[in-house]
Structure formats: C-alpha cells, structure tokens
C-alpha cells in the first residue's frame, strides 16, 4: 500500500483563515550521542520541542515530519567529530524549514539532564552531579529564501545560597550580647572568627546565552559560572569534613538571589569577553527559601553589549 | 524591640552594578474571596508571583513587601461588591510600585483552580469540572511618575479532540471495503450514518486576553469559548447515554490542534467584537495524542486588531 | 431515551478470569463545604481516588458510580452540623459497597490543600500557610454482609530543619579558633552566646493516623505536632525581626530527619494518649537538604500500642 | 585535618528512644553502564532511593554512606559481563547492611528512563520509545547474621486503550440506523466491515515482578507484555498508513482498564510459566480517559502461585 494514497487532510483550506505562529510537537525524547575531540562521547536523552509557523491557507501542519526531522538531525550528529547541542538545534530548524515548504519560521527547544563529575572539597571523594542543559534555535526565511538562524546554549544548576540579611541580623544580635562581657576589640575578633547562622537553601541558577554562527561556548563553563555565583556548590557525597567546609564556605559567602544573577553576569563577561554585542542572554535564579514556602526569584535579560555598558567594559 | 533596628542589607550598593528586570517572589498561595453581583461569592486559593525591577544601585529588593502587598490587595478585594481577578492583579502591581519606591516596573501572574458546574448532556446529571484561571498585570512608571497598567485574564480548560486526518483514512478504508458489496449510493448513505473511529485524547486549550481599563470580560465566557473549540467537552460524571452522546458528537466534529486555536480566535471575536484593537491575546492548544507519547501543539499571539484584519472583520 | 437501553459491557464474563484488588477512578476533584461547630465553615477542593475490588466473573467495574458516590457523599456532608474529612471517606467507602453490589472491599484516598492562619513570631503580622490534609478509608464486607470500616486522617506540613551534625562541627572549629585568644571559660561563654551556622532547608513532615469509629482527632492538632517537630515553622510573611527570630530559634533547635519523626511520635502520644492501641499510624519526614541535590528521608509505621511500649508508656 | 576528628552526632542516644523503619536518601541520580552479552552496553541515569532501619538507641543514620554505597555498587557493575538492574539493587541492599552495622533491614528502589527501538507498523520507520524501568530490593538480617534478599524488576509503559463499552453503544446506535435502510444480513456485514468510534487515550501499564536468586527475567519481555496488554502500542513516528493501522487495530481490540491488567497477568504466566510460586507480582493500569479529567485505574497484587490457581494452571 503506497504511502501517498491516504487523503491529505492537512493540505485543505481551513474554514477560519488565521495564520498560526507555532505549530508542532512537544516532549519528543531521543537518544543522542555527542562526540567530543579528545574526550569520551556523551550519551544524552534530551526532550525536544519543534515548531514551524502555519499560513492562513493551510488547515494543518504535517506533524510527523517534526519527529522525523529530529531523528535525521540526531543521526547525522553521530558522524561529526565534535558537535554542540546548540548546533544540533540549529541544524534542526533548518531541516524543519526544508520539510515544511510553506513555513518561513521554525523554532526548537531542547532540554537534557547532563552529569558532571567532581571531587568533594576535603576528602576528594568522586561524586556526580546532575545538571540540566538547554539549547534553542530559531530560523526565519526571508522573501528571497535566505535563512537566518539564531542559536542559544544554556544550563540550569542547583547550588546553595545563604541569606546575607538574616546573617547580618544574627551578627548584630551576637555583637550586642558579646559586648556585655567582652571589650569592643575582642568582640570584633570573635565576630571575625565565628561562622554565624543564617537561613540557607537550594538555589537554581539558569543561563541561556545566544551564540553567533562562528562563536564557541562550552556548556561546562556555563555550569561553572552558575555554581560559582551561589554561596556554595552542592555535592552528592560529603563526608563530615566536606560538609563542614561547604557549610563554612557558604556562610562566608552569603548572597541574595539578586547577587546570584549579578555574579552570573560578571562570570559570563569574564569568561567570554569577546562574544558579539548583539547576542541576547538571560540569567535567572530561584531560591527555595528555607524560612518560607514560597521562592525568591531574580531575572536579567539583556544584550551582551548592554551588559558590558552597565559594567563599564564597553 | 523596634522593627527598624536591624541592618538594611538590601539598601547597600551592590558590588556588581547591574540592574535587574524582575526580582520578587514566586509561589505565594493566598485564600481569596471574590464577590459577584447577584451571585454567591467564590472562594479561590490562587498562587501569586510578584516582581519589581531593581536598579543597579540597590543590592537587594525588600522581598517581604511582596507577600504583604498580596495580602493587602486580597483583603481590600473583600470589600468590593464585584471584582475580577485581573483587577486584583492590576491593584497589586500598583501597590508593588508604591511599596518599592525605587521600582519603575512591576509584574504579577496569578493562577487558580476554578470549578464550574454543568449537567451531563443526556441524563442531566449535575457535575463539576475543574479549570484553571489565569490573570496577569504589568505596570510601568514614567519619569513624571505616571503609572501605566496592562492587565490580562484567561483560562486553561481540558476537553476532547478527535483527529480529522486519522478519521478520513478510516472512512476511506471503509468506503473501499463497502463498495465490494454495496453500490455507491448505499455506500455513501452508510458512510453518513456510521460514526467512524479516529484517535482522540485530552486537549488543553488556553486563552490569555488583555483587557483595557474600562473593558469587562467574563472568564466564564473564555472557558466556554475554549470548550467549544475542541471536538467535545469532557465531563466528570457520564452515564452510558451521556458517554455515547459525547463520543458521537466528538467524532462528528473532528479537529486538529490548529483548528482548536482558530476556533478560539473566532470565538473571542464573536463574543467580544468591540474590545480594543491594541490588546494582545494569546491562544494555545496542547493535545495529549493517544497514538504518541509526545503532544501536538499550536499557538497564536496577536493583537485583536490584527486578528480582525485576518478574518476580514476590520 | 431510557438510560438502560445501552449494552452493559461491564457485566460480561471476562476472557481471563482473574479477580482484581482495586478498580476505580483517580484524580476526581470536588468542591466540599465542611461545617464546624462555633466556627465558620471551610471550603476545600479535594482530589479523590475511589476503588472497589472486582471478582473474576465480572469484565468491568461500573466506574461512573464512583464519581456519583463522591458527589452524593459530598452533598450529604453539607447537612451535617460538623463533619470530618475522614468521616466523609468512611461514608464514601460504605456508599461504594452499596453501589457495587459485587464488591466486598472498597478504598478511598483524599488529599486537599488546607490553609491555616497564624501570626509572624515578633511583629505579629497575619499570615496564611498552605498545608495538605489527607484522609483514607477502607471497607470490607464479610460473608454475612457485615461491613467493617477503618478510617485515617493526616496532614503534610512544610517547616524548616537545621542539621545538628554540621552545626556541631562548626562549633568545634570555632572553639579551637577562639581558644587561641580566649581562655576556656570565656570561650564557653561565647559559644553559649553565639548562634552558629549549619545547613538548613525546607522539610516536609507527614502523619497519617487511624482513628476508631468513636474517636475524634483534630487535624489542626496534627498540623501543630508536625510543625513543632521540626527546627522551626516557616512563615509566608516575615519582617526582619521575625526572620531573625525564626533563624535563631531554628539554630537553637537543630534536628535530624530522624528527630523529626521521633518528635512527631511523641507529639501524638502527648496530644492523644488514649487512642486505641490497635490503630496504625505512619510518620514520614523528607528534608530537601541544602548541601545536596538529594533528600534525607525517615519513616516510622507502627501501631499506637507498640509506640507506647517503645516509650514505656504502656 | 583528619576525617575522624569531627564529632559523631549520629552515634548519640536519641532523647526519644523510638526505632525507625526506614532512614536514608531519596533522589540520588547516578550514571550507570550495564553490560549485556552479545549486545551493546546500555547507559542509564537512574534515580536511587536507599534506606536502612535505625534502632531506638541511635540518634541518626550515617546518611553519606548511602550515596557512597550506590557509587560502589554502580562502579562494580561495570566489571560484570552481564548484569541486571535488580541485581544491582540486590548488591546495594547487601552493601547497605555492611556499611550500617546497626541495621537489620535495608531497602532500595530504582527508576530509570529506558529507550526501546522499534519500527512503525506499515512504513517501517525507525522510531524510539521511552519506557521507565523499575527495580527494588529488600534485605533482612536475622539474629545469626544471615541475610535474606528479595529483588524485583519491572517497567512502566505507555500505550493506547480504546473503550469497549462506548464502542458497543456506538455500534448499537449505528445498527438501528442502518436497519432503517438495509436488511439484517447486510447490516451485520456492514458492522463487521466498519471501524467504529469509541473514546481512546493514553494508558500506562506497570508490572513489578519478584524474581528469585537463580531466576532470570528480561525487562524487554515485561515491556512487550505491557504493550501487548493495551489496545495498541504508541509510536513516536507514524506516517499516514501507520497511523491508520494503529487506529484501526486499536479499535478492533478495545480493552477496559481491567482487561489490561488481566492481559498482563496472562502475559507473565505465558512468558514465564516456571517462576517461583512464592514470588509476588503487582500489575497496575492507569488510563487517562479522553472523556473525563479523571483517570481509570486497576490493580492486582498476588503471588504467582495464586495467579496460576486463578487461571487453572496450577
């Protein structure tokens, strides 16, 4: 039975001639092998969303082409000696425009768990942490058929945040009580010696960074920038001296949710001072406050050029 | 102990002078009583997100003011003889700008489960359906201190969608087989008599509609528009004749994910032909395809003016 | 069209004559008004699961009877001057056995968000906290048709936990450093004055308690017992002095995940020393460790009689 | 700084001397490489829960030993030429008892996404489906120090279910209407030719099967048994003839949620007629009803011996 003999309901005219911005599939999981130069390949199981626009003259999009496009792009990636997730997204939006001849825009989002390996800070135990890597791409086709692609790479990482405000109030309390039996100089010495309490909690930092065609950004750098923006990293295996070190370090480095975002901004400009000024980047931090049921949230979206200007680095 | 004696860590200068777009709280739940004219009041338990911007000169936002603002706005709402959720959001962003004197923009999003009452289609059993209502507001303050507010109201509703494409192919198959023992005219008569199979599934339609200061939109209308855009409503209590009616009706009204969005567009313009052309509206449909693990998705975002133009109603 | 004219597919013999333990519906949401003596009624939107067993001779269960039974029981509850959620569950399993004449066991589980009102600890700000209340009931019918019902009531509550182990190691560190410039006596005085850091986080405590027919347990007591078992309560609105108090109190009361469970055990026996020894109770605590991505977990399931014996209270 | 110098808070006596059933960690993710004879190894990223009991004389469990035990067991698995997930669980509970010398019971649960490869039914497109595999193990140590281990393997798989009851009522309707213009014999012929509508939806089937020490069960068999118990498999890539085939086949094989469970029971006894009669097995099916917001549910838990007796195969 030839494939083409079934009716093409999608190609009919719709009764309500409205064009649609995005039509496609969400939640397509696909095993992906990423080759890396001089390193072992990585196996991921990302979830793909993939969309194209739909003109007002077409009843339906040919949806089955979207998981097919994902499969083809993933299969082709295996032959690359080195490939990045954002490049796979970029290839995917181009392929979507090929397969949907009526489309002039295509979009894809990909998320995947990604394991990093590290050592606990004192006893050097091997431990694995799970992060989420994110990539996106958008393609638009102009009237001459030229295709413009924007691609983005990012990550979401869990760390630990210690509240500076609660800690300052605990220090203030202690200072007053210490001054009742110690002189000022000794009190200050004690304050500088002791690790004071605060509330602390899991935080989730996210960066999503646009990269131009010729630019290269390493997702491991992004993960490191996010981790270093919080009071401390977290770690799946911690023996007692490791736990002590993490708790002490974190309390010596208290940060607001706002500080996390600003630290990420600085981190990106420090690691990658030469990325295109036109590229857009989003930074986001969510802290799961241990004193509340609600979360604290901060976000910055900007062009890299604007960020450099704000920090006087332009 | 006076409140003010603790240090105001938030008011310090940040080390990294970057302004932030959104700082605030997410996931604040708050009981809310909404009075309605000539109807019983409604009790909701919405979840609020509430943010303001933060200048580059301020280390932290005073977060506790956000849940306080939510409480105040909810407490004031009780005194209104009739109030809409989007108006509460509008009041909230204004209050956020009052409380955060350094802020020039504020944003809030609210979601709440909302129960509607209906009758099963044949046996008229009383049944309750759970929908989600959504509201948002954004406020900006210009240099003269004038505040501009945009507010939005919407809903997310579950219904049933039947795929027209799979059904057409089933009809085609049957026609061929029927023609082996029936003449053409009888075959067509059979085809018009029988309810043919297709794949069908839960779909989730969403509308989020901007309303101008003086305009009134009823969220129950939005819920009805969304329900009517799918192949059929769903119903928590269905006796056998009800189930038969729903299955038959749905299969007589197969719709693509794209059709659902277009039906919602038409529904809004039919119900509310006179809303401001500048208002923005977003329509979204997600079908949990019964033949796949992934979902089908369609989205339209546009101004109402542009929608009227597309449908030739301007 | 009379209801009965459709075929009763469920009443057929199944091809594979296997009896089933539980057949029914999950995720039925239903508005519920609970009257309380001398207090305002409460509006809840619980989610119900409701099941019966199915003999090997019956192809299908008549599922639509389950949401109908839920509706009837909820409608009847409105006429009670005072009713508990576990009694509604008890009524529901009895009704399920009536409606499914072939069933000899029935089971239901209910969960609902439930808001409690409190004051912040220092500034006495009014604040609302969201808890989850849980109820279950199981009914069995013996050969003479006698029905035995067991019912349970419980809650899940978020609080804050401070790790005693990490705190002890921070104290030990500080003691050593203080002894370098202070004598032993002054050092101990300092140690008793200062609030030392530890890791702390959101914890979730759960109690599910069986209550006999004639016994009365108040879910607000259970919520209080759970809150008091952690290092501190959490609070949606906290001004600076409140935050300071919560952080300080919590760090003066560090608890392991195991301590939380043991505190809950003691709390139940203190509040309700006279409940039936045969009743079963489950205690569970999950701490969302701020130093890890994984959670800490502890659980105790026992009869009340056994608990009294363990604590020497029998 | 030597590791041992920090205080062992866990080893203290608790103030409330209550023993605990389960203390441990939940949500530990760990990359796992599973070697298979004559096949390529599989990379999984499972989530582990791991617990031991705690006596009433011990304040806390040494939690960091649990992620360490997971790491060691996963590292040792790499050296096996062939290993099953349930054996890794079995190794883990033994290791937990070694590391926690005070424990006499240990328990672990593991879940992992697991990708299977298949072809679409007509056009033979290569497609990948994501399933969840599950394993558990429980170890108990008697007074002589003998360790008894029970291990379980299972899977959760998405498929498609078509309701037989709704379909019968649609057929009945059609028969009546057809008899208005066709004779009885032709009507029956038409009824046997046409694929009639029903409601259909995603279903999720689960099997969790105990396997004795010396027995071998292949998780791919379990996945196949679950898929074949529903009306049809689902498939990520379906061209039009594939979609037609799946819809038609599914509607020729309508099943209740109860039928799915019974089909799984029969499947296990057909595939594995010789497993130990003492082994316990649980079957579960959840159908995401397209005509409701709630789900249909069925469950059977039994020993294999009892199942054989019910089917007359003992």
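To keep things simple, chains are lettered A, B, C and D as they appear, and every chain counts its residues starting from 1.
Please note the rule applied: a residue touches a chain if its C-beta (ideal position, glycine included) is under 8 Å from a C-beta of that chain, and two chains touch if they have at least 3 such contacts.
On a predicted model such as this, the values are computed, not experimentally measured, just so you know.
**Q** From chain D, which chain is the farthest off, judged by mean CA positions?
**A** If we average the C-alpha coordinates per chain, B ends up farthest from chain D.
**Q** Determine which of the two chain pairs, C-D or A-D, is joined by the larger number of C-beta pairs in contact.
**A** Pair with more contacting C-beta pairs, C-D versus A-D: C-D.
**Q** If you average the CA atoms of chain A and of chain C, how far apart do the two points sit, in angstrom?
**A** 35
**Q** Measure off the straight-line distance from the CA centroid of chain C to the CA centroid of chain D, and report it in whole Å.
**A** Roughly 27 Å, centre to centre.
**Q** From the mean C-alpha coordinate of chain A to that of chain D, what's the distance rounded to whole Å?
**A** Their C-alpha centroids are separated by 32 Å.
**Q** At which residue positions does chain B touch at least two other chains?
**A** Residue numbers touching two or more other chains: 6, 28-29, 67, 130, 165, 169, 236, 238, 240-241, 243-244, 293-294.
**Q** In the complex, go through chain A and note every residue touching chain C.
**A** My answer: residues 129-130, 158, 160, 165-166, 169-170, 173-174, 177-178, 181-182, 186, 189-190, 193-202, 232, 234-236, 238, 240-241, 243-244, 246-248, 250-251, 288-294.
**Q** Considering only the defined contacts, which chain A positions touch chain D in the complex?
**A** So the residues of chain A in touch with chain D come to 1, 3, 5-6, 28-31, 43, 45, 64, 67-68, 71, 113, 115, 122-123, 125-128, 130, 236-241, 243-244.
**Q** So in the complex, which bits of chain C are touching chain D?
**A** Residues 6-7, 9-10, 14-29, 49, 51, 54, 56, 59-61, 63, 67, 164-165, 168-169, 172, 256-259, 261-263, 265-266, 286, 293-301, 307, 310-311 of chain C touch chain D in their complex.
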